[in-house]
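Both of the next two complexes hold subunit A, though its partner changes from subunit B to subunit C.
Now for the complex of A and B:
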């Protein structure tokens, strides 16, 4: 997979403060989920008839899978636009994606009221192929499988299955192709979920082009996540930052971001929905916050010199991730009014238990990333030795 | 019933001037109108066609009263009491008037051998024509020694009196299948009349049964000489062919999912469905919701009063199933996932949840700032080093 830039395990201790804190958070999550599966959603969440989707869907699944687009965005750059120099970024990005998507897939289960019926969506007798949820569920499930196959050379390398690895690499292009197709399908379908909610969503986020917006933002977030993850990994493992790779990639990110902003603002203007942004309301405030975060990367890494500064690359990555979070939370929760402006009083704020589960999900990702990068060949060989 | 149809030409109006009706009304200490209304009510309860009310009135006014022998076994006399204590002004008089009650242990002034002699006399005089009414369960264990009257066990008395009876009516749940005395562990082997006689009899279950259901059977026998059609448990179909649930006045609440959840809660006070308090209406056949109970006007039957039906007319339900236990739906089983009528609209941010979110956001922002600062510092150091090596000024910002 990465013949030119051999990847090696980082090494070092698995038990340290970071992994310990993550493990404690994960255990807290498991305890809460036990209560949830025994006594139902109402026992732990603040979900209600007006807000049947809380942060478990919006953050764990919708935002979680958008954060996991790093693998898809980089793979697209490397394999479709044939920019082989980004290859060292593929494995770490794919690892983050692998965790993000697998947990998003599992996270859906937490939010299913009758979770024991989860298999219905895969059963032709039960499934409704005309449903956008069906598209999302099947596509994400397929992508999770594809991604594990895409990532499996790492394990085969580690465990010494050389023959199998060679055989797999011959057909790997099929999975890589699928791995770029599938996320494009379901990231746009996640936007379609907004479309089907109709007038319950504020006009600032309800638009026929929302699938395109979600796809473009997911690709942009993918690059943002790679920036973030490379900087954090370099900082935590005291490694050299791949600035020569991240600098042009940040430029690509700005390109997709510009495209996103053109579509976003153009759509608002053409639909005449921009007026809603100038009403003194929580929705308008959150809209401007979201737009500010989307514009921020231009100010941070607009120049080549700025793009050489890892601190600015990191902040740009964070800004684009926050922007993606806000786009999704605004669409699904802040700009969502189940009462259609008539039935007032519906309210939702995540309970502590709900937040602990979401935090636990992210803790699993961090923990898994640390364990796998320390023990398996994911990150490119670094000139500087591992610090600890 | 066929006879009823042939009499359908007769009209109640035609009896307006009939001196026999006036005589009967005077005899019963009723006004003429009250008497006719009562007869019409009986005919309606039986589900008889128009015109039958006149036939019933005529029959009650003129026909020879049938002889009735009324036996009491294992019971509380509640069935008799409910007939006698009914609030309808002259009901107790009617009972005694439309039938010739020749033997009734509760109502007889006489006692001992005198009473037993009266029973034998009535049975002899009306052989094959008298109606035998049995109230109370019949103990069968140890040869039935747990209930004896005049030295004879309940089994012996039942068989003796039933031998020459024109009809046998088991009144109340005890006589119908054993009722309350047959509740587990049933120490006396309490059984119903049909079980002891080994043949079907007319049963009027209920605890107590509605007096009209009994009177209607007697009135039909008196008027047409026939007995009403019965179901496989011997219950007259006119009274026991519908579930209480089907005609219940609270049924719309059931269909809309409005349930009383506790005695005295808001739903209970508003008259919502009592299903979730254990109402057995959905599995109990009786006409309580249509003819009501206690004879004091509208809204006077257990469910209307706010108490769930206990299923007293239904073997295996009344006195068997706990009162609070949910009924097994005989028609449509409602989903356990039915939503409540008024759903909570959710809670906003609490101090704790807002604090946790703020703490997480703060920790993330702090960590981000630290990472950015460290990256910036190392970048600055690199730039300075590069500037030392390369005198040409690098305009890059720190």
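Now for the complex of A and C:
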């Protein structure tokens, strides 16, 4: 990859097995949501007052937005740390982020018990600046708008608005700066959400440095997601994998991951919370599982030779995504106990309907990604012929 | 090379935002908030409670909540816990043969579960749209369904498990005790205290309730004492002030002091609450959580305001990022890969 590769549409048919399966999953989701809006959250979810937040919040929004950090992480590398060579990765990563965040924003509405009041978040008469949720909601909304602007050159290019595109590109740096700041703010605050829950959260996850942990892990997940997506896109579209780009980027990922682990372990030791990891409990088991996934990328792609192996890059990406999932599920669900064990003991496991909605949300993302990459200039031009 | 220098600049700009996250204990640090001087609350004394549940029925009635069933016959209101439609219940502790009241061994005991009206409530701090508010004068933690977006962050935040959501409704609200604030203008106070036949639940100013609780703890177990019922008058209350509330001024009766644990639950828990509890049986065994003296709202808001107070930090970081991005965008969007290895 010595020359700059301009992005081009992949082309090919839009109707195939993958898009068909996605469409069916999306329709199932719509049907379930209809029931939810007609009869209430209890009609389709297993939510209860001991677990008021289920997978619609923790997976669709908190994890969904972390998975959507690819655009933020790569854009930061290119535009803030001036690593121009990663530029071909920006557009595909930004597209996935755009979908991830937009859907996380829409997904919130499914979970809101009094969704018609949603606009109160933006109303100064109602705003509560003390609330972490307020900051997260405003910040994510702003970021969704910023990302659409950041991505709009793709549409302007396709539709032939050359002048508008040039004008936008002159001020794009402002949106790129905002597009770096806003995810830093809300990805850290998504972690701060648990602080007010106090001792209801296990000391393995409840810490004053939780904003830093969530921010560092979100950046790391961003790179992991790019590894994952690049490998999947290359395989699905029978294109060459961008190993010369992914190899050094995996190294950057290991750097942020190392920083995360230093803060994570240092915090546990300094607070004296590590003892909770050595008692026979579900919390301790999930903690070690989470830590194992965070360490796994070092074993998988620790050497330069391993980082040139696409299969190992893919696995490292998956490992870091799973690690990020576990950190968030552990903090918000496994490590959470309403009433600190003095009540009758609440249980939560998502219902099939709940899971179908979460799956449907990811299906929309995959469907949108396929349609846009096939029709719009997102992926870098490839020497290999486009897929059928 | 130039690119290396730019990389370092990027590190400074990006790192500044990350670094600030680890400095929460600075200028914006705040302690747990305190009760307002005229704070209203309840005192519940488990040793006086006979478990008649008159308070549960009265609470349902004045809040216009329907009965909830846990038994097959559906004849009686039998909620097992507070819910979106049950704001107050009396829970029972049972052990062994259940022979002796207020004994941990082979005994039984009662405990009231309802909102504690925290001095520094987590639900108020958590609510993004100010639907949960703490009254500046009475300290009552109130809920406004017209403001609420139904995110249930308050449900997750409360360590007492008090705000609850109505999951069975497409327009579900949060339900919780508001100390019958809607009845105060008519001279009525909390219905649970109004109807309590033994004075186990008492309404009044938190300050007076705390003094009464400490008076009881100072008594010898079994000692005879006068126990007020309904409302406890404020210290130095004038007849005019007393006329604000309905009901007999003095409904006190002679009873014997319980074998209290020397602990007023709510005096210090989580920054203190306006509702207090006395018990002869370990508080965790009767369903009250063991909480630290600091309110988590104080920790959470300290972190938030350190990072975002006056938007100083975000604007400074944004300025740095904009400056760096402006230099780098042109290069990256330019003719291609100019970065040298």
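Here are some notes:
As a working rule, the second predicted complex is superposed on the first by the 383 of 388 C-alpha atoms of A that agree within 3 Å, B and C clash if a C-alpha of one lies under 4 Å from a C-alpha of the other, contacts with A are read in each partner's own complex, and residues count from 1 in each chain.
Note that in this section a residue touches a chain if its C-beta (ideal position, glycine included) is under 8 Å from a C-beta of that chain, and two chains touch if they have at least 3 such contacts.
Being a predicted model, the structure only gives us computed values, none of them experimental.
Partners subunit B and subunit C, once the complexes are superposed on subunit A, run into each other and clash.
Of the two partner chains, neither subunit B nor subunit C is touched by A:30.
Once the two complexes are laid over each other on the shared chain, residue contacts for A:318 go to subunit B alone; subunit C is not touched.
Of the two partners subunit B and subunit C, more residues of subunit A are touched by C.
When both complexes are overlaid on chain A, the residue A:18 reaches neither subunit B nor subunit C. In the superposed model, A:309 lies in contact with subunit B only, and not with subunit C. In the superposition on chain A, A:215 contacts subunit C only, with no contact to subunit B.
By the document's definition of touching, of the two partners only subunit C reaches A:79; subunit B does not. Touch criterion not met for A:265: it reaches neither subunit B nor subunit C. Applying the stated contact rule after C-alpha superposition, one finds that A:48 touches each of subunit B and subunit C. Within the three-chain overlay, subunit B meets subunit C in a clash at only one of the listed stretches 261-269, 351-359 or 369-377, and that stretch is 261-269. Subunit A uses residues 47-50 to touch subunit B in one structure and subunit C in the other.
Subunit A contributes residues 1-4, 37-43, 45, 47-50, 52-53, 76, 78-85, 87, 111-115, 117-118, 120-121, 123, 126-135, 137, 169, 172-174, 176-178, 180-181, 184-185, 188-189, 192-193, 195-200, 208-209, 211-212, 215-216, 263, 336, 338-344 to its touches with subunit C in the complex.
The touching residues of subunit C, counted against subunit A in their complex, run 3, 6-7, 10-11, 13-14, 17-18, 21-22, 24-25, 80-81, 83-84, 122, 125-131, 145-153, 155-157, 159-161, 164-173, 270, 284, 287-292, 295-297, 299-301, 303-305, 307-308, 314, 317-318, 321-322, 324-329, 331-333, 335-339. Residue ranges of subunit A in contact with subunit B, taken from their complex: 46-51, 231-232, 234-235, 241, 305-306, 308-312, 314-315, 318, 345-352, 355-356, 359.
Of all residues in subunit B, those touching subunit A in their complex are 339, 343-350, 352-354, 356-357, 360, 368, 371-376, 378-379, 395-398.
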